[in-house]
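Input: a single structure, listed below in structure tokens.
Letters A, B, C, D, E and F mark the chains as written, and numbering starts fresh at 1 in each.
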Amino acid sequence: MLQRPTPPMFTGKHFAVLFTFLLLLPSLALAAPSTPTLNTGDTAWMLVSTALVLMMTIPGVALFYGGMVRRKNLLSVAAATFAITCLVTVLWVVVGYSLAFKGSGAFIGNFSALFLRGIGPDTLTGSIPEMVFMTFQMTFAIITPALIIGSIAERMKFSAMLWFLGLWSLLVYAPIAHMVWGGGWLMGDGVQDFAGGTVVHINAGIAGLIAALMLGKRKGLGVQPMPPVNLAYTMTGAALLWVGWFGFNAGSALGANGTAGMAMAVTQVAAGVAALAWMGAEWALRGKPTLLGMSSGAVAGLVAITPAAGFVGIGGALAIGLLAGLICFWTAVYMKQRLGYDDALDAFGVHAIGGIVGALLTGVFSAVVLGGVGLSSNAHHSILGQLWIQSKGVGFTIIYDAIGTFVILKLVDWAIGLRVTEEDESEGLDITLHGEQIYE
Amino acid sequence: MKLLIAIIKPFKLDEVREGLSALGVQGITVSEVKGFGRQKGHTELYRGAEYVVDFLPKIKLEIAMDDELVERAIETISSTARTGKFGDGKIFVLPLEQVVRIRTGEADIDAI
Amino acid sequence: MLQRPTPPMFTGKHFAVLFTFLLLLPSLALAAPSTPTLNTGDTAWMLVSTALVLMMTIPGVALFYGGMVRRKNLLSVAAATFAITCLVTVLWVVVGYSLAFKGSGAFIGNFSALFLRGIGPDTLTGSIPEMVFMTFQMTFAIITPALIIGSIAERMKFSAMLWFLGLWSLLVYAPIAHMVWGGGWLMGDGVQDFAGGTVVHINAGIAGLIAALMLGKRKGLGVQPMPPVNLAYTMTGAALLWVGWFGFNAGSALGANGTAGMAMAVTQVAAGVAALAWMGAEWALRGKPTLLGMSSGAVAGLVAITPAAGFVGIGGALAIGLLAGLICFWTAVYMKQRLGYDDALDAFGVHAIGGIVGALLTGVFSAVVLGGVGLSSNAHHSILGQLWIQSKGVGFTIIYDAIGTFVILKLVDWAIGLRVTEEDESEGLDITLHGEQIYE
Amino acid sequence: MLQRPTPPMFTGKHFAVLFTFLLLLPSLALAAPSTPTLNTGDTAWMLVSTALVLMMTIPGVALFYGGMVRRKNLLSVAAATFAITCLVTVLWVVVGYSLAFKGSGAFIGNFSALFLRGIGPDTLTGSIPEMVFMTFQMTFAIITPALIIGSIAERMKFSAMLWFLGLWSLLVYAPIAHMVWGGGWLMGDGVQDFAGGTVVHINAGIAGLIAALMLGKRKGLGVQPMPPVNLAYTMTGAALLWVGWFGFNAGSALGANGTAGMAMAVTQVAAGVAALAWMGAEWALRGKPTLLGMSSGAVAGLVAITPAAGFVGIGGALAIGLLAGLICFWTAVYMKQRLGYDDALDAFGVHAIGGIVGALLTGVFSAVVLGGVGLSSNAHHSILGQLWIQSKGVGFTIIYDAIGTFVILKLVDWAIGLRVTEEDESEGLDITLHGEQIYE
Amino acid sequence: MKLLIAIIKPFKLDEVREGLSALGVQGITVSEVKGFGRQKGHTELYRGAEYVVDFLPKIKLEIAMDDELVERAIETISSTARTGKFGDGKIFVLPLEQVVRIRTGEADIDAI
Amino acid sequence: MKLLIAIIKPFKLDEVREGLSALGVQGITVSEVKGFGRQKGHTELYRGAEYVVDFLPKIKLEIAMDDELVERAIETISSTARTGKFGDGKIFVLPLEQVVRIRTGEADIDAI
């Protein structure tokens, strides 16, 4: 497929794509293999995957996070999620997609597809309309900043949040997406990131940590209890994230094929194991298995399997899920307390840590001997080699992301300030920022 | 006239109400409150945070009544609301100077 | 496709279909192009679209509306939505589908497919089973009366509501669907209505206005505050409407093709822009950006892009979304107050107005020069000509709908009365009509 | 298809499959019909169906049941549903799938696919990847024990529930699935069970009844009112069940074809009619139409159409829905009171009874004269013959299930005890078992 | 000083508050309560279960005031809260010995 | 004996409770109320409608105590609940004639 220069490709998905290609050979032989043609089955699946990933953010993340804050801030979290969905939608078609997926720069794309110029209903990306590929990618660009909201909940100004995450989506997300998926240097380097372990989760989690540190703690943290308003919302959000993640991971096969099927199966398994692992650890160490724990564990497993989805087998999924559940439990429950940063809803603890666990283990369990589809040829098919490549990807993402986030936040702070007043924080953001409240 | 305020365990409400009805009490005002006292609270868990919730759900009854009913009402409430465990609650008796029934304008004993 | 007389066709979707046809030529050349064959990819997408549009009504509309009423009426709104879903399901298979999609009458279909006589698993409509087409269309027939519930909320008798909307679905919805989509005169006239701007949204909104006027205002309106019970429900409903709308609009391509991809992309963009527009206007003019505002704006954008979805480009989507957001904001927030009708949850203000904005702008932005796929040949490809055709479609729908709704409501009023007693209204419909309440 | 031994087949779906086969003949003629090839449209639909059926359990069942219990037990029901989803996910890939779908034993499969050994991205089941088939079947294995939670709500220990349902899924569900779908004796016998009337619903409902009897009644039942905490959750859950059921029933066609379309249409119709029937009966006999009634009725209709979905026509769907709505209304509202068992949320009353009604009526309305696709050749195409076969299927499931459930529960009771203490029950399971509560 | 406790129908709250404001009352504390009395409850239905809910939603007002205002306050509440139907509610008058305004430390009449 | 009723700002609850515990108060009954007073409310927006919500969330404490504790309790509540801004709340002191502990039947001082 490397000979076809037009459609954006996922080098991270090299093996998956090769696989699919071989699988489809008979049918391709019937059609003309030289010119790409639209496949209705692939297109159907990608249309659905796009809907599923949108559902992850609204209502998924909105409910997942909304249920975890205090009653007075429920609507503010939902509003932030909803507004970011809308804002990134516009930014993406205006310039984001072009920056991420056009051109062959090592670090960033170009402006050739501003306002999606040149993309019509008949333009294809592989076997699906490019419009579908673009919208599918848009839903990834939406959920990534939406995840960051978890770190800054209950204390950031709405206006500052919009500026921060809007700028972040163009200055941090788009370049990283380009580097890993859009033809940039990490892609060339052989990094395996099937569905966005680095681009989405590590990226969101690190930005969340930086933002949490720069904002400071919520007033009263550690002194007053801050009980989640409604864990039924959180469970519903976690469940919709889980269901939507099928679109996220199996959709990243960009077609309805065996790789998609494999990706869906390992996604399910990792989520289930990680939820049981978190729940079990909680039960053993803190006395009770909680619904919040299970939900968090499931998300941790989903995060960790994301980079690995198309590459590993069932054994790998079980191992990755188990480790992600245990490690993220420890990060969110113990490490956070010890270090004392206020990552309110654990975007860092679950997404960055889970993403790192997953990204590194992808380099292990993709190995054929461990039931995977194989390691990158750049790694000479050695696990250590692949681990090194994966580490570079992770490391670079962390550094670039941390610096970018810091600079953007400094700028926004200087221009309009990041944090609401103490009084507004006390009274709650629902009333003070949005003039609304839950009446039930 | 007196205003009795009784704090009881929530699941005892129906029993107490029936007891009072049997006594001839025709009106009660009830509210959900939280009680802090000798009864120990429960622990809640939220990821990193674990804390004891000291305020436990209780039901507060307010009942206006004629002086002569007070003794029997206290007895009835005590016996129906008692489980013998911490947290069974309290009964407070306050002086009540005047009562008006809004619908009719009747006053005092007639209004109860 | 015009040579194949059996399957119902969307003349409004003339261009889209032609387009798809050309796109599929190579594959069609392999198969036998003369006899329609089932395409599994198209079928997969239409099965999913059907599920998505059902999800728009339950739980979508039920939550969207349910969250906006007062606590004492939450369940009554949900019950109305749920019951209408069930009632129209039955009416549609018994007679509605036949009236809307069978026969070649100018105004209404015939009775040839009562109880779906003659339609089996092997009957096709284009490249999909007719059963799928029928069920897909059913979900449109369901959501349209469900939207009307927004105008009559908090005061109509449940029995009267069932009679009103049941009759309306047969006497108003089915004929209009026939005229625009099923082979009637508006279809022949060249009206462009990709996914139901007239048939669904204007139709529902106008009926809502008439019903709101005939019912009169809710007791206490303007005197007592009537705060929405739970805007998290409303946000969830709006989000599910948004996600489901992919099935509504992209599903109206009746296949998994480039038109569907284009329709999905413009749907996403219009929703995002409109939400930002409403939120921005609110922020500027009333001081705070609300979650209810964003949610309402998103729905307004989705409504307005509905007739345009398969016809316009990204530029058109941005323009339509922006205008729909601003205009519907003005209608729902200012005009309603000034005119004083009690369109409780703004079915008129959002669906009729948004639908009209969209239907007219479809005639503008479909033009090739504005990035669209082209205007109807009946309009001699001129924007003014198409605008005139669109206006006729809109105008006729409004008049027919208003008269039909008025007559049905008069009848129902005469037979059983429309409105609950004052006391029931005070105590709330949940307890008085349904014997249930929210206990949380 | 009977010549191809490798892929698991649904004998119950014999006719449906034959049908599809004939329908696809032209396209199959183009490809090589002797070796199975992946069909992207079928695969797309099955990927989606898998997501839809998962959504039925989380958040579907969790919300449906969660809204019906008392406030103090809401989270415990959601937690049970979520935990079972995770537990069965793991059990299924480790051993369950192999027990249900591998080997040719009359009663149970074998251990040949422990940890899914031998199944890779390129292994097919019919026209879809076996991984997709396996995950699709997993979602059935998940929802079945999750339904049982309705019978044991508000009083069972969380640990006992995990042991009970985990063991049940291996010792009861897997064998029955094997017997009816995986090549066992009921399959050979000609039982028609399109999507799981016996395997899922009767199975879950009978286990629920046994468990309810063994656990005993909730404290205060019949003395204190036990109002459902939030029927908006229950409505949302019912709606998601309904939408997801399209994946359940139409997905059981294992492809995007005319049978799937037919299955979807009859599913919709049966749900609508049954909801109206339950609501009407309630209105007539108890004075008010409730939202809980409509939701329950819809689920009853969905249950009853499940075994019939690919076999019956619209007339059959109307009849099955009507009867299921009325009969389950009577069971859940009258019979339960009279007999006095505490099937808290009516898993028995709706799922077992609805499943039995559906399983038997499938043997009637599958008849060609009644608009169906035809009866089994084992029944010599006679309704009475088919009824007899169906009854054997139902009867055997009931007996095996009841005994298996009883034994497992006795064992768990002996080992760790089934029921929480009286005090914990009074205070509520949310706090006492999970250390959490709803704060809204 | 007196503490007036008034139980009224929920939808009358705004009218009553306006009436009291007109009278010069500057502070009110309001809570949601359930009332049991002569007014008959409604029936709720849940599948097999049907039961009468005797406790109806009411609003409780607590108003501290100077003795001389009491008569007029009772009149105002009575007239604004009355519908003439069962369940209009009651007014209770309790003696109040001391009032403190937390913000300033002012006491009694100044603190009301 | 007296019954103290204190209306405070919600986020002050924990501080006040700790202060009272330090004083030896062993039981408190708490409820969520809405307060109307000098503190100005907030505005809510719903599409066409914009209105001021005058009733602000407050916490009401009810504490039965021996007469001699009253002064110190008032001081403690005042100092811990004070922010100096409008809306800090009030303390009301009512005469209390009788107290019964349901669990044991103890009365008055022993029952507090």
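Just so we're on the same page, a contact is a pair of C-beta atoms (placed from the backbone, for glycine too) under 8 Å apart; a residue touches a chain by one contact, two chains touch by 3 or more.
Remember, it's a predicted structure, so these values are computed and weren't measured experimentally.
K.L.:
Trace the shortest chain of touching neighbours from chain A to chain E and give its length in steps.
P.N.:
Minimum step count, chain A to chain E: 2.
K.L.:
Any idea whether A-F or C-F has more C-beta pairs in contact?
P.N.:
C-F
K.L.:
Same residues or different residues where chain C meets chain D? The copies count as same if more than half of the interface numbers are shared.
P.N.:
different
K.L.:
Measuring from the mean C-alpha position of chain C to the mean C-alpha position of chain E, what distance in angstrom results?
P.N.:
Here chain C and chain E have centroids separated by 47 Å.
K.L.:
From the mean C-alpha coordinate of chain B to that of chain C, what's the distance rounded to whole Å?
P.N.:
Distance between chain centres: 53 Å.
K.L.:
Residue numbers in chain D touching 2 or more other chains?
P.N.:
30, 39-42, 44-45, 48, 227-228, 256, 287-288, 290, 292, 434-438, 440
K.L.:
Multi-chain contacts in chain E: which residues touch at least two other chains?
P.N.:
31, 43-46, 50, 94-95
K.L.:
Pairwise, which chains touch?
P.N.:
All touching pairs, sorted by chain label, are A-B, A-C, A-D, A-F, B-D, B-E, B-F, C-D, C-E, C-F, D-E, E-F.
K.L.:
Would you mind writing out the residues of chain D in touch with chain B in their complex?
P.N.:
Per the touch definition, chain D meets chain B at residues 220, 223-224, 426-427, 431-432, 434-437.
K.L.:
Any idea which chain A residues touch chain C in the complex?
P.N.:
Residues 30-32, 37-45, 47-48, 50-51, 54-55, 58-59, 62-63, 66, 74-75, 78-79, 82-83, 85-87, 89-90, 93, 115-116, 120-123, 128-132, 134-135, 138, 158, 233, 256, 433-440.
K.L.:
Please output the residues of chain E touching chain D within their complex, sorted ascending.
P.N.:
43-51, 53
K.L.:
Under the touch definition given earlier, write down the residues of chain E that touch chain C in their complex.
P.N.:
Touch residues, chain E against chain C: 11, 14, 42-46, 50.
K.L.:
Could you please specify the touching residues of chain F with respect to chain B in the complex?
P.N.:
Touching chain B: residues 3, 17, 26-31, 62, 64, 94-103, 105, 111 of chain F.
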